[in-house]
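Two complexes, one shared chain (chain A), two partners (chain B, chain C).
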Partner chain A sequence: MSAGLAIAWAVLGGAFGSHRGRLALSVLAIALGVALGFAVALINEAAIAEFSGGMRSLSGSADLVVRGPRNGFDEALYPRLARDPDIAVASPVVEVDARIAGRDDALRVYGVDAFRAAAVTPALVGTTKDALDLLRPGTVFMSPAAAAWLDVHPGATLRVQSGTHALPLAVAGYVRAESGERFAVMDIAAAQDAFARIGSLSRIDLRLRPGGDAAALRERIVAALPAGLEVATPDDNAALTRRLSRSYRVNLNVLALVALFTGGLLVFSTQALSIVRRRSQFALLRTLGLSRTRLIALLVGEGALVGAAGSLAGLAGGYLLADAVLRVFGADLGAGFFRGVAPDVAFDIRAAAIFAMLGIVAALLGSYLPAREAAAATPAAALKAGDEQHAFARLRSPLPGAVLLTAGAAAAWLPPVGGLPLFGYGAIALLLFGTLLLLPRIAAWVLAAMPRPHAIAPALALEQLRGAPGQAGVSLATTVASVSLMVSMAIMVASFRQSLDDWLLRVLPANVYVRAAAAGDSAYFSVDEQRRLASIDAVARIAFLRTQGIVLEDGQPHVTLLARDLPAADPSAALPLVGTALSLRAGDPPPVYVSEAIVDLYGIRPGARLHLPLDGKQRNFVVAGVWRDYARQQGALVIDRSEYTRITGDATATDAAVWLAPDVTVDEFRRQVDARMPGAARMSIATPGEIRVRSLRIFDRTFAVTYALLAAAIVIGLFGLSSSIGALVLARRREFGMLRHLGLTRRQIAVMLATEGFAVSSIGLAVGLLLGFLMSLILIHVVNRQSFHWGMTLHLPWGSLAALVLALLALALATTVVSARQAMGHDAIRAVKDDW
Partner chain B sequence: MIHLDRVSKRFPGPRPRTVLDGITLAIPRGLLVAILGESGVGKSTLLNLIAGLERADAGSVTVAGSELDRLDDDALTRFRREKVGFVFQAFHVLPYLSVARNVGLPLALLGHDRAPAEDRVQAMLAAVGLADRGESMPRELSGGELQRTAIARALVHRPAIVLADEPTGNLDPDSAAGVIGLLRERLHEEGATGVLVTHSRAAAARADRVYTLSASGLDPTSL
Partner chain C sequence: MAIDRRRFLIAPLALAATVTRGEVVYPQVTAGTALAFPRDHGAHPEFRTEWWYITGWVDDGDGRDFGIQITFFRTRPGVAEDGGSRFTPTQLLFAHAAVADPRAGKLRHDQRAARSGMGLAEAALETTDVRIGDWSLQLAGQKYTANVAARDFAFALTFSARQPILLQGERGFSRKGPRAEQASFYYSRPQLTAAGALTLDDRTLRVNGGAWLDHEWSSAFLAPGTQGWDWIGINFDDGGALMAFRIRANDGSVHGSGGTLRTASGSVRTFEPAAIRFTALRYWRSPRTGIVYPVAFRIEAGSLALALEPLFDDQELDSRASVGTVYWEGAVRALEHGRPIGRGYLELTGYGGALKI
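Moving on to the complex of A and B:
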């Protein structure tokens, strides 16, 4: 090692020693970011792997799958396909989500023809000694995961619900499935009978004759299919499932990256301030002959070490975190996308490499800018006492910052890419970077506009800040970044929650809501039961609803069709319409009201004609309005129930809205239902208040992960705030020593520092709040709209924002006071000695 | 004006050291006294005792009528603010304040009105030969100019005493001679008492009296 390098290492090594606390903070920040990103990646990976594995085993060796509405299609299609010469085996399947007795949960029950299923989807066939069990009505086979979940094993009875009746099923054995999927299997005819699906199928799995032309067959089948049915490959179905959760997964990843980004910023301000402090040392090294590039390399190397240490710790932490999260919450992270799978976490080398690299790059970038600044200083000037003030003092041109801001504002207007709001995320990043670049200028501008206070201590504080707007900018960076991210998320979540609450109020105008079952699609009210419910004394008015899943376009997920009693004169009384309803002309087809997601996903606008596949035929409707729906992300359609019954002949209902007679309590209504309705115990009866509480609880659970990631960003931001204030204070120990000589009391110095801390944090908070507000607009109107198709109105959570501001100001003051104590703890005598 | 009576100072700790042992010194009003001595003998410690920045372990220190041993930290701070001016080896001029603001700092601390304070600062700057540099920032000044700024700051509030610890240590001989000459001239002009610690016999020669501090005590010296 050359002598110059030896000295350099001595200086840097010494720095490692004396900056141990702040270096540890940088490592921790990077570690936290990497851990979060890696954990999110591992959890998503595990969930997807388990889910598509399950899909694969359940679709077995099928080459094509015919599927249709959730409630099934006419089984007449099956013999036609089975006779096709190019099809080796056609296996009909009925799928029912049967409500489990005594639980608000449903179990998927497959009805299969065991002998055909054995050839296509062997995982859906029960294992038993007595082959007749496979055909016996009232007998099911459980997947091991379902058996374990419900603790219902062979020999026991599985109790589910059909219509409003209890349905006991004898468990005869397990199925051959090896996946962690939860389901049960029974004979198809028995299932049709038990769940009132006679004459109807949910899907048909097809296996081609060897050497058959799948593409040609597919075309031929499509041409002959009734409306509302489609043909897909099992891969298509798996891809569809993946796509359904993709926006959610991407959103989580972006949040994790945000945490990593604030970590990088923290490294930046820590490194920047530690480099400012060592400026004269670097000047000495430069005069001793260390080249500029070498100095940069050394400092960036220091950053790389921080990044590497942080990344390693982060990978370990991320793995443990993912494991713990999967164990405690399961793979769906509370959002319900991967219900019913219980995956294991696997260490993913590729994700590990990516996040380790991201961690190191964040730390490298965080060090590079200050390193360049340090190397650019002329050694002679930097050796003069007091030169720290000139570091970062130069104000750069405002042009790049302004360009980024403009680009960000423009990007917010661009459409989604492949269903993802990439430009929306980009717009937020551009706004953030643009603001960070402009920060020193903003700080200089605000400080110049402040009047000089009369008292000496605040006056000194202001002048110190004015003298070094660049440094103020550096320490502001983390504050602004974390405050703006925090504020934007807080505003977005509050707007969403409030919009949801308002929406619930609009969609739940009745006194009580009665559902045939709390979960699944196996329950319904028959016409007779509807009549009986309507005739209960307590009921003043009752409106029924029938839900159904249909396929609007090939390759798209099911959308929900709601057939409900609509007041023809004023549909907005029953629906939370966005905008006004179209008034229909004579001769128009019947109206359909589409949710915002339908508008986004299918490009369908009011006034357009829409064909809905009902009862195997395309029926013509006119789009009469758009309504807001927070319940069904993939889209929902509302048509009048009498129209639906006229077309399909299906007069059953799944839900009822009940307006009570005057002076009748909900409890009285419950008593009367119990007395009059045989299946009352299996129905779910809830007041709007109860539904609201439950919905908001689900909302909060869904956003729990968001909150957690947000909290991480906040913690990192607060670290950044404290560490930068602390570093600035400690860097000026000598100045305080001199001021003590001149007769400034400790109190006055504390006031001076508190003023500085207060001024810097106020600027940071003000800029952060404003930026956060702009970013929340993008989150609400671009990111959320494009990802999840949720429209919402802006609501500012004044209370939490005020609490946030106060907490941050208090923290800034506390940090200043603590660091001031520390700085003045060193006695004034030693502080004025001119050394470092 | 400055009266030290059998003052002793020990630094406790793992390697305790007695630095000053029974030092007695009386400096009348209006004189500039230089103190010579080897490195590490306790010159700076002596100044710190006079400034009330350190407390004596034995003996008493009386400066400008105040018995420092009896003052608490706040009172000592007030004493320094009103009665003492400092000139440091390393200037310690605040980089973010203009030269004039630096010089005016003690007046601001004492809460003087702005207009008369500005006149006083201007007069001090003129007196140290920096009349037209008031609006300059410290980084635009040479070492000698910075030290002259420090001298103006040390005297601007008419302190009773000025303490200078190696004020010429960072300067070339010519500037050093100029700075010491200026300090003496200003002290006499303002009627203040000065204590100058220095290694330079040439600098000490410009003082009114010279003492040498050694392990055996403080001895008057003639150059």
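Moving on to the complex of A and C:
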């Protein structure tokens, strides 16, 4: 090592030593960002791997899968396919999500023909000593995960619900599935009988003859399929499932990146100020012969060290976090995408490399910008006192910032890419960076417009800021970044929550809602039960609902079809319509009302004709309106129930909305249901209030991770803010010495600093609030709409915004004052002596 | 298919213990019932178990011999008799096919299993017409047609009857043990003329030869404590035929036996249990399962004394991977005083240790 480098190292090492606390903070910030990003990646990876593995094991060696409406399709297709000379094995499957007795949960039950399934999906065949158990009705086999989950093992009885009846099933053994899926298997005939699925299948797994051409066969089968059925490969199905959760996963990743970004910002503020403080030392090094490039390299290396340390700690933390989260919340972080999957976390080297790199890059960038500034200074000038301000003095051209802002505004109008709001995220990033670039200008402009105060201390503060507007740039940047991110998220979440609340009020106009079961699709009200329920004294009016899942387009997930009793006079009155309903003309086909997601995903507009596959045939409907639906992300359709029953012959119902007779309480209604309905104990009876509370709780749980990531970003941002203000004050302690010599009291200096802090924070807050508001508009109308197809109305959470503003101002003031005390603790004479 | 003859014979016992909950009452096989054809060529779905069993020797006219076997089993599991589903497993069908190729030195075999219904697997009542997918056995007039497309072989063969039906036991009532219900309805069709196509490794051979058909049905006929059984069906070169069996108890003693000899002239002799004796001459150990089978026998039936020599030793049918049963079912030559006088099949079951009941 050359002497120059040795000295340089000593200088830098010294810097490390004297800024241990701040350095630790930088490392921590990077670590937090990396940890969050890495944890999110690991959790997703684990969930996807487990889920795909499970799908693979459940689809076995099937080459193709025929699937159709959620409630099944006509089994007549099965013998036709089974006889096809190109198909080696056709395995019929009935799938039911059976509500588990005594729980608000459902267990997937597969009804299979063991003779067929053994050749295609061995994971769906039970193992037992008595092979006849495979055929006995009333006998099931549990997947090990399901048995553990419900603590129902061979020899015990699994109790589920069918219709409104209890159905006890003797557990005869386990299935061979090794993955973590929760399900049970029984004979297909028994399943059809027990769950009222006589004559209907949910899917048919196909294995081709060796050497068969899957693509050709698929084409041939598709051509002859009844309406509403499709042929997919198991890979298609796995991809579909992955796609269902993709928007959510990408959203989490973006939030993790935001945390990482604020971490980088913290490194930037720390480095910027520590470099400014060491300006004269660097100048010394330069005069000693250290080249400009070398100096930059050394400083950037310093940042890289911070980044590397943070990344390493972050990877370890992220792994532990992922492990803990999977244990506590499950794979979908409580969002309900991967039900019944309990994966283990596996260290993913690729994700680790990516996030370690991102962490280091964030730290590198954070130190490169100030390092370049430091190296650009003329050594002779930099050795003199007061030169620090030159570092901040220059104002850049506003052009780049303006360009970024314009680009950001334009990007917000672009459509999603592959179902993801990439341009929406881009727009937010562009707006943020554009604003950061323009900040010094904005600050200068605001400061210039302020009237000069009379008191000496505030006047000094203002002059100080006006004279070196760039000086406050670092703290401004951190303030604006963290405030805008915070505000935008707060507005978005509040808008969503309020919209959901308003929506619930509109979709729940009745007094009581009765569901055949709290979970699953195995429960229903028979026609007789509907009649009985309607005839209860407490009931003034009752409207029934039947849900069904249908495939609108090949390769798309099921959309929910709601067959509802709609008021004949104005069918649309019962729906939370967006815009107005189309008035139907004589001769029009029956109306269907589509949710916003249907509009987004399928490009279907009001007035268009829509074919719905019902009972194996395409039926003509006219899209009469668009309604808002927060419950079904993949889309939902509403048609009149009498129409549905007429077409399908299915007169069962899953839900009932009840308007009570005058002066009848809900409790009285419950009593009468208990007395009149045999299956009352298994039904779920709830008031709109209870449903609202439950829905909002689910909402909060779904957004829990969002809140957590947001909180992390805020904490990092606050650290950055206080660290930058504090460092700024410390850096100017020579100036304080001078001011003391000129006769200013400590108090006056403190007031001056507080004024500076207040002014900078106010500007930062104001810009941050404005930017945050704009970003929230993009989150609401672009990111959320494109990711989840939820339309919502803007609601500003004034209370929390005000609290946020006050908290940040208080923090800024407190930091300034504390730092000022620290700075003035130095002997004034020594401080001035430092200069020469 | 799972289920070999032994398993089917034993299965009723297995179930007798567990299925006494009155899930279903099977009809008994009773002596003195006259069999009527062609109705009794068809299925008897009310009985628990039934099979159509063809074994034979064919050659390609070029000196290459093959043993062939095709069996259709029908069973009424009795656990799900009613229910609105068309999938209700009231009847199950199994099929097992094998080709013994001396050049390969082991069996090629494959199986099918299905619940009957939907036209995919059916056993007709009127005459022999049983099928699982594209595997089938049908009788038209005096000619059986068997079609099998297996993993690594296929055959399309016809079996023409030249002789009258051979009723086993007391005019088709075949005792399997000391108790009255331990019996089956059982008839054979020896000396069938086989002809057709045999496909091995994508090469199709025209083959001809002779074969034997058994059709047997019952609800329960083996006593507890039974280990397995040995069975032979031999077509003599002079036109005669011999069927003999013995049922082995767990302790190695003979639980029951019987046999029928029809001479070339057509006279039939039914043997008492005491008149049948099986003596093992040579053993073979399976390298796959480690099971030791007596693959060569000395058979005494009345005054007749035969030596049985297998076409080759390894004719073990190992279907553990699919259904878990292992037995030996092989083509054998019958020799009298060292001189070949006939060809047929030997079936050895229950040598893989005690049966799991």
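Everything that follows uses one rule, which is that the second predicted complex is superposed on the first by the 832 of 836 C-alpha atoms of A that agree within 3 Å, B and C clash if a C-alpha of one lies under 4 Å from a C-alpha of the other, contacts with A are read in each partner's own complex, and residues count from 1 in each chain.
Throughout what follows, contacts are C-beta pairs under 8 Å (C-beta built on N, C-alpha and C of every residue); 3 or more make two chains touch, one makes a residue touch a chain.
From a predicted model like this one, the values you see are computed outputs, not experimental measurements.
By the touch criterion defined above, A:738 reaches chain B but does not reach chain C. One of chain B and chain C touches more residues of chain A, and that partner is B. Once the two complexes are overlaid on the shared chain, A:463 sits against chain B while remaining clear of chain C.
Residue contacts after overlaying the shared chain place A:220 against neither chain B nor chain C. Of the two partner chains, neither chain B nor chain C is touched by A:159.
In the superposition on chain A, no contact is made by A:372 with either chain B or chain C.
Those residues of chain A that touch chain C in the shared complex are 75, 78-79, 82-83, 92, 113, 115-116, 118, 129-130, 132, 135-137, 187-190, 192-193, 198-199. Considering their complex, residues 44, 48, 51, 53-54, 73-74, 77-78, 80-82, 84, 86, 88-97, 101, 105-106, 108-109, 111, 138-139, 153, 170 of chain B touch chain A.
In the complex of the two chains, the chain C residues touching chain A come out as 14-15, 18, 77, 79-80, 83-89, 92, 113-115, 118-120, 133, 322, 356. Against chain B, in their complex, chain A makes its touches with residues 381, 384-390, 456, 459-460, 463-464, 466-468, 734-735, 737-738, 740-746, 827-829, 832-834.
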